[in-house]
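Here the chain labels run A, B and C in written order, and each chain numbers its own residues starting at 1.
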């Protein structure tokens, strides 16, 4: 028994480096992204005393003196302009008017000559509960704002969840668009890839090698190179338009780039191998004599296909379709380079929120949505592929 | 013969499944012992435990008086020949055979000499530089044999090594291995499911069934004097006839068959009057004739089928309540179906077995 | 017959669809014109010159080589060790660990990038080679694991048992039997890791500083902002590089096979 346990100890030692590496640099970043989506420290960081005092407030009665004193103390203590700006932005998005109110208040508080006694004396708005309500709500370190906004929901003044107004409901549109484009690409890949795989599986020798090679070659080529190739080919003065005009099929150049068509074409090209290979690998396990057997039993080729080949290959088609779909919804490069402004998929939006406007909350929230969708689909795919093995 | 290898109350569980049950076995130095039995009977597991690839759940394995349970495989100094040869695919034949010598730190000159001798021994001297993938099955098996013998191990273990070879080659290799055994005086433990192979090669045969040894003895003993029904049926072919013991006289007993006939038979082990038993009669010991013979057991039978098998004539008979098979020499006359004949056999050709 | 013709036509058209874009772009690397169109007015190597002499491109190639090598070494080491560990059936949570090792292939790079940028910023690694190498290794490791576990699965376990029975201790079994037999898988994995690192754009966007711009990153910006045949030249280099490395692996494998 000791031999087995020392072997196991050795194995664990071998597994440990990669395990810790991935936990630290893969799992943790994902968690941190998820926590970004629900974190909201902009206000709490700067107003710790107010947080304490506001905890006891009943949210109805007019603001008390301790509340005002605490807020004044907090505001006077702020020396980081950047953080102040973040806080004001945050408060302003909850209740407009904060920007001017805060500006007035902070400059009044800087007055050393004639320090204000309380906030109401600076501005009457501090008398009403509404602005205090906004601060109280924004003080929680956690928020579901981002996650809700990711699916176009928000909380109204009463605190109930409702749909955001249309001019703010951009994410839903983008999510739908992402899934729609992915679905179109998947559909195109099935239409082209399924027959292709069937033909390849039915051939032998150099013909089969050629067909497989044609599928594997793009796979080996860099994604960037493939996308760049399409970028060049789909131009108005690109090869494809020139060719079509040369054969006389069209007169004026087609708009193939910076639009939906170009994106679909390019993504189909890139993802086609992921459809062909799973289907092919299922097809070659089907005994070669099944179709001839069906024919000998009197089945017309089309019926033999529908009743014998199709059901047996369906698993491969489902695996391939899932693989293509999962890849497509996460794609960034190809839509970014080939697509127009109305073709941007969810990954571009995430990138925009993160690097463009430093809105880590929204970037995280949309990331969570994408991640959850991906993992759900992947678990279906994994179940499908393991069924394949187990069911045999 | 002092016991060189001893299995002492060996038990092996795989999860809830008991594969070897409380097994005792002793093997003498220089002995060729076959572990014979159907798949799943525990024989290969026992061999794996001897080699050190598996650990017994309970019990001890002793080699030359010392318990080796805790000794890792690479220190046991046993040569193992696998059914699938297990040759190193990335090394040449010569390097394969040299490997155990390198592990033992023998110098290059010594290695070269011993490898050459080993190759000569299996008649593959010209193939030293080939890769295993370039050899035929029989050649690969001989390389595996040479590799297992080159370092002169104390014990040689073989796990159905001839199973993948065709009939001619297998029979040739059986004789070759037996020859090597005699010449080198090796202690060999040989696992097989082929009973004729076991009978051909072994000094003793241990018959396995469901994790236990049903009988161990010389080939003659297990064939002529099967101790249990399983052994009688597993080794060679036999006629099994049910009956009840009437009287017991020393080494013989009288058994009454359901049809009323009385048979006098030799006895294995102890039985008592009134006991329900089986009679085992080897088909080749049955004579057929049209006249009743005296002084032997005789059963009235009718021929149901007769098939010429090249080296013998196989006749299927039916006697009142049970079928019988007789194997007659090729010089015998034809027995067309429907013929009424007397099937005769002496007491010594018949054995009483307790069920 | 018409069925056969239809099949052949469909197959040919699809093959052209798959392969033509790659073939069409390569000659443009040698165009003398500033515009990326056919017909090519005359052949020239000016775009390769630009790649090797223009600062931005030269830096990018250099960075790609450094980061690629670092990633290959790290990913191959981690992935090979883990694959060896995964062989032992007695390890708890073996299946879950295996899934974890393969997950970086599934998770969208943007999502990972967002998280990683925050994490690396916390460690102060955002403007460093190490940061980029770490990020690339995360996505390259699954390829190594798949490749090496595949090679290990092809090793007949009994060959290792035989080696033990012949007197080889576990360490010697590994050195003389397991490792040589798994080597083709390790090399393939290393090549895939390098190719993955070379091609990585999205993660690089998030974690690399301006001094660590890789070739892929440079190409990406170039396509967006300033399209020129230099891109075709870079694409040519990409393809040539991958093919070259693949050839090196194939040749070295057959040399190794013959030497024994």
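By definition in this document, a residue touches a chain if its C-beta (ideal position, glycine included) is under 8 Å from a C-beta of that chain, and two chains touch if they have at least 3 such contacts.
For clarity, every value in this text was computed on a predicted model and none was experimentally measured.
Colleague: If you average the Cα atoms per chain, which one ends up farthest from chain B?
Modeller: Checked the centroid distances; the maximum from chain B is A.
Colleague: Indicate, using Cα centroids, the chain positioned nearest the centre of all protein chains shown.
Modeller: The most central chain here turns out to be C.
Colleague: Between chain B and chain C, tell me the centre distance in angstrom, where each centre is the average of that chain's C-alpha atoms.
Modeller: The separation of the two C-alpha centroids amounts to 56 Å.
Colleague: Where the CA atoms of chain A average out and where those of chain B average out, how many Å apart are those spots?
Modeller: 67
Colleague: How far is the middle of chain A from the middle of chain C, if each middle is the mean of its Cα atoms, in Å?
Modeller: 24
Colleague: For chain B, what residues touch not just one other chain but two or more?
Modeller: Residues 72 of chain B each touch two or more of the other chains.
Colleague: Give the residues of chain A that touch two or more other chains, as numbers and ranges in rising order.
Modeller: In chain A, 4 touch at least two other chains.
Colleague: Which parts of chain C, given as residue numbers and ranges, touch two or more other chains?
Modeller: Touching at least two other chains: 170.
Colleague: Which residues, counting only chain C, touch chain A once they are in their complex?
Modeller: 7, 10-11, 14-15, 17-19, 21-22, 24-25, 28, 35-38, 77-79, 81-82, 84-88, 90-91, 97, 99-101, 103-104, 106-119, 134-135, 137-138, 141, 145, 170, 195, 198-199, 201-202, 205-206, 216, 219-220, 223-224, 227, 231-232, 235, 238-239, 242, 246
Colleague: Please output the residues of chain C touching chain B within their complex, sorted ascending.
Modeller: Within the complex, chain C contacts chain B at residues 156, 158-159, 161-170, 172-173, 176-177, 180-181, 257, 260.
Colleague: Give every residue of chain A touching chain C within the complex, in rising order.
Modeller: Of all residues in chain A, those touching chain C are 4, 7-8, 10-15, 17-19, 21-22, 25-33, 36, 192, 195-196, 199-200, 210-211, 214-215, 217-218, 220-233, 235, 237-239, 242, 269, 272-273, 326, 329-333, 336-337, 347, 350-351, 354-355, 360, 363-364, 367, 370-371, 374-375, 378, 382.
Colleague: Which positions of chain B touch chain C when the two form their complex?
Modeller: 51-53, 72-80, 82, 84, 86-92, 95, 99-100, 103-104, 147-148, 151, 157
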